[in-house]
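Several structures are given next for inspection.
Both of the next two complexes hold chain A, though its partner changes from chain B to chain C.
The block that comes next holds the complex of A and B.
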């Protein structure tokens, strides 16, 4: 499996990209402008009222998902361990802050007729806050617990699993079993965590008032940029090299005197920490956290974000998470019945035809740029650019009304036609050019 | 055997002391009168007609006397009329009590109440001799006052004791009420009954009544008798006795000992029955898991493929079975009872076809990439679920054939649901089939060869690609058979497969990949474990505990119960 796995995952550049490389310049410029857009442009536009608060809120929530995706990229893309329980860590973080926000101290909607404790306790016949809830009346405790508990769970669970050399698909299945067990436990209302409905009735302004929305968005954006910086640093260190070695040939690494267990436990904990941080930032913006946030399909959906973006490259995880989620948001509101098919097709396509995801598209373009074939490179990057523009418009909620109009065929809004054309036209043009070049070379 | 209770109840009614001598004659006459509605009225009927007429009186004393008169008749034929009186479905017509029977659909009239003679049970006939119906309840109904209803209930229970039809329930109801009046009747009945299922029932009823009504050595004898019968019904009364017993009093020492002994005997029998019940439902739960996991295990062992769409193959089988049942209901209602026989190949083939397509279109291109297969098959499962939802909608159910409903009484107080028994047998047959295919057919031989050493098998001329496709289809078909069993006890919906997939994978991993015996053992162990933990924990937490146990188990044996050897171990 290790040999096969290596060929699938995008190669991480072994040495820093040369200064004179045009693709490196573009990449750097794109990265910095992305940071500027996240931290400066969007908050400014939002403060000026040019973006709907609901769009800002949605961006904030999806950026929280990006944190989870970064963790998945670390553990799957770099280390080759497909963890199917990241949503659990996300939820543990989310529940911790959700507990704080449901209590009177956190501004939750508690009422005298419910003894001033969260309403769902009513169904448990409980009239005073249970003992294990009491520490969560303090925000610092909730935040620390929300980050420490998932990390500790991951460390312990990871140590148990990796110690007995559970690998490959067995690791995936066992993490999925853990996620399943946790889902069942959280669904049960005897756990005193809100049962099927989860925790809600938080402090209302969190996802209703503009200042709160922008503030939480900004916190999430800062966290994403910081996490990205941290991950970049981590994968560049010696530890990062060892992680890639675990993915590519664990046996050889062990023969070379390394202890893969320690590295695997470490990276599993880091991924859990990032997921928990995501949950911590997501819950106040979403207004509810419940077992549905850790259902079995959700764990796998999170993995597909990274697969679509491209494994083994950090920006792939970021772009993938945003792309899939905005596509989800757009399609579930326009064509709800079609989305599961699109999602299923995405799973298949990304596995069968684009194992490197969006990162692969960019890599191709960068190679063309290095060869000096600028036109062909432009055609190769055009679909990615079209997709990015579409995502940006969707994220900002700026679709013109004319494009939102449904077509007479199947009621599909015009914008999808435009997107599909924007993606396929350059692909076809590039293919035609390749053919022309081939014919020329042959003659 | 079915006649015995009627025989005994006829004897019981014959032995009643209330109307000792002429009851036999009355019974025979009653039978005659049922056969011949025109027969002249017997004495009971005429008395009853008069009594019901008095029930119309507003005077409470008069009504009470009437009820007493009816009770004194001791004739079970009065029961329907009294029940009607209690419910307000009775009225006088031409001086005779007439009963508004339960609503039935009559052609041309819709839902109407048939009118029947409350005493003979014959339909009331109009002038032309046709039965009469009405769509309204009687406005002048004879209706029991709330205070009278209790008395009526007692009268009805007393009368039922002499009714041959309700049989054991009458004896039990007498015992439940602790009706001392009925003791002599019960004793006489017991004396006349030499053997049969009613003997323990009668002994129990007598002892239960005596438990409430006697003292001293008689009481101890009653308690011992109850212990002897080991009837769960006596347990609450015995426990109540023990609770209220003044243990400090030395005079009660013997009583306390026999109470404790009787309770212990009953409880130990209940524990045994409970255990059998748990074993049974655990096996039946496990048998579905076995069917799911068998296909998974074969495919996983052969190809190293993680098939997340396996649950959806089960769903396909369930919908195929549902479709066959609907087809039978629509086109061959006469044969509906036997639709399952046609559903078995339908479920197998439908799931096998879908599985074969999945293998040919997707999995074939992903060999050696198990994690990618996991994602791709998950995508397939999403598409399948949504496609089925779009085609059929959510949440369907189908009526199981009548012969699969109800339960199989093993003993007086222990019964097994027939559908579970069927599922168990069906699973056993499927396991036998899989074993035969894997061990005794050419396909099985090639399958095992390919599993053990793919390159070697290919070098020896085995078309491994073809074997892969067939094996995948076979595993899918087994999942389809598992799906066939589900509608027998549960509703089906497009996403039903997802509830089984995680547990099936745990079964495969615990049992050892590609090992059929390991799969069967671990699935049944899981099923049994779940049922034995459930009484202490809720079902949900039980699963949590079991998954924890499995994870701990894998610490000890990372490759499952029966680890694969050789090249397979390196998947």
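The block that comes next holds the complex of A and C.
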């Protein structure tokens, strides 16, 4: 229709996806199957002992990351504000529940020789629980504080930043500075939060006993489904439209009588809330929360999840967080040194060739389906489908032994090749397809 | 007739004027972009502002809408002193604006763009639970039909043509129902055919809205058949019906002088 339409790399189709569209039907079916797998299939398989408890625990932790990713998508994908301190909010939630879990009341591993309080206090010469720790001996208080404090910090901090019309890259830099300051504070053992080691020695069964593991997994899965529903509702409201308008043209919005500051503070707080919820659910499953969970590169890694998945679309954030983390898990079990290169390559590929991430692959496929070009659509989606299968096998811990053994010449297991190919193939395929479209348009 | 007009009555404040700029000066890095003794627009008047490039026309809009603050003088709107008010607050008083380069929200559909222009609440909480009424939906559709955008109602506005974007922005302005419409170069970059439709739209609004239209295209200005103010180097040079203004030696001089510079 428009001249610009075909030539732009990664252009989103102009026509919104309508009901009755083949791709819309597939998308809806995929969404419902995902919900069923998360809430029913996985717990059942786990209860039957068909999935190792360690794999269930890992799924639970990665689902907690999905909550953070949803928040990042709201603030960055929808509203256009690149926040580089989401891991801080995640940690504030995590520390709150971690405080409860390390006390005697929370089942923490406390000992009489350390005065029945968390052991690290020994290094601070403290013999009784400090006053600010005492409320956290109650689970409800820990949960409420773990959600309310990060949300309030984001609201206050956001109000201060946005009120002075800090924009674009300056916003990112300021959030990064906040993250730095918080990291320094939490690393300092005078804060009485465990210093560099953070909080650990929780109630042992949490991440060791099958019923606890399945229970916490289920709680996280329910939270993810609920958060996804909430985000879907939010972006569908008029407030959601205003968020997109903030991203597209903030000053225009002001001349229409809107206060962009209010919307930015609101969405920053919502994103912080989701990150904190993620931290609350992550910590008991991980068994430890510490400054390493808010290291500087970690904030950026979280953004990469959303970039790889595709920003500005909720399922992009969900799929991105899961795909990157399971790819990470698959590659680092034997070859941790390779991972930074793989992650760097993924990020570069996304930035250079693939601004719409995995969502873009699907959009291309959907457009082909609409045009009735089923074969090309299937070809476009095939590498992505293969990658999904590989990552699902990783998630369930079901790799056949043959794929795990190192290959004779290369010295690495076949499963790495499957995953690396799965990640690069959609990129290459997308690029080739763009070329094909351009050649077609030119002739 | 033109001669005594400019020296006497038109520069005197009209007590009923909806917009009044009194002794307003705008300076950018020592450069006087605007220096107006008096500029007023009456209620329900359509006023056209013309002038060579860089005359300060857009700056005049910026001052009224609060985007730029004058270094001296007073800006009144509807008997309220808005000189030091914020842009959002001025918009809240009923000053609506169409920018020189069409600005619509690319990531929203045509209909969603219109929805944000509805004169409803602008608050975060209210908009979480706001639902569009059937009457509003019909109004939006009626305006979209008028500007021939109904067919692309559910299309993302990033894929609209330049003309369609201009109309979408004008439609949003009309829908928001401001007391004053500031319309900066609505015909820029349009085909003759599109220009004619835009002129028709504005003449339809004439009489029920207070409008300031800024335009270069003389054919377009002629179609609007309204009182014209000529700006040049930040000053009001002449004022009156188009024919009279075009015969004004000072205006001819300003335009020709420019022409010589360019040649």
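One rule holds in what follows: the second predicted complex is superposed on the first by the 398 of 443 C-alpha atoms of A that agree within 3 Å, B and C clash if a C-alpha of one lies under 4 Å from a C-alpha of the other, contacts with A are read in each partner's own complex, and residues count from 1 in each chain.
The rule we apply is simple: contacts are C-beta pairs under 8 Å (C-beta built on N, C-alpha and C of every residue); 3 or more make two chains touch, one makes a residue touch a chain.
Source: prediction; values computed, not measured.
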| item | value |
| --- | --- |
| Chain B versus chain C as contact partner of A:379, first or second or both or neither | neither |
| Which superposed partner A:395 touches (first chain B, second chain C, both, neither) | neither |
| Contacts of A:262 with chain B and chain C, given as first, second, both or neither | second |
| Chain B versus chain C as contact partner of A:129, first or second or both or neither | neither |
| Partner chain in contact with A:238 - chain B first, chain C second, else both or neither | second |
| Touched partner set for A:68, first chain B, second chain C, both or neither | neither |
| Partner chain in contact with A:91 - chain B first, chain C second, else both or neither | neither |
| Touching partner for A:185 - first (chain B), second (chain C), both, neither | first |
| Per-residue touch tally on chain A - higher for chain B or for chain C | B |
| Set intersection of chain A contacts, chain C complex versus chain B complex | 1, 4-5 |
| Complex contact set, residues of chain A against chain B | 1, 4-5, 8, 82, 160-161, 163-166, 168-170, 172-174, 176-178, 180-182, 184-185, 187-188, 190, 296-297, 300, 303-304, 307, 337, 340-341, 343-348, 350-352, 355 |
| Touching residues on chain C, where the partner in the complex is chain A | 65, 67, 87-88, 91-92, 96-97, 99, 103-109, 112, 115-117, 122-124, 127-130, 154-156, 158-161, 172, 176 |
| Residues on chain B engaged by chain A in the complex (per definition of touch) | 304, 306, 308, 362, 365-366, 368-376, 378-383, 385-387, 390, 498, 501-503, 505-506, 509, 538, 540-541, 543-544, 547-548, 550-551, 554-556, 558, 571 |
| Chain C partner contacts - residues on chain A that touch it in the complex | 1-2, 4-5, 12, 14-16, 234, 237-239, 241-242, 244-245, 247-249, 251-259, 262-263, 266, 312 |
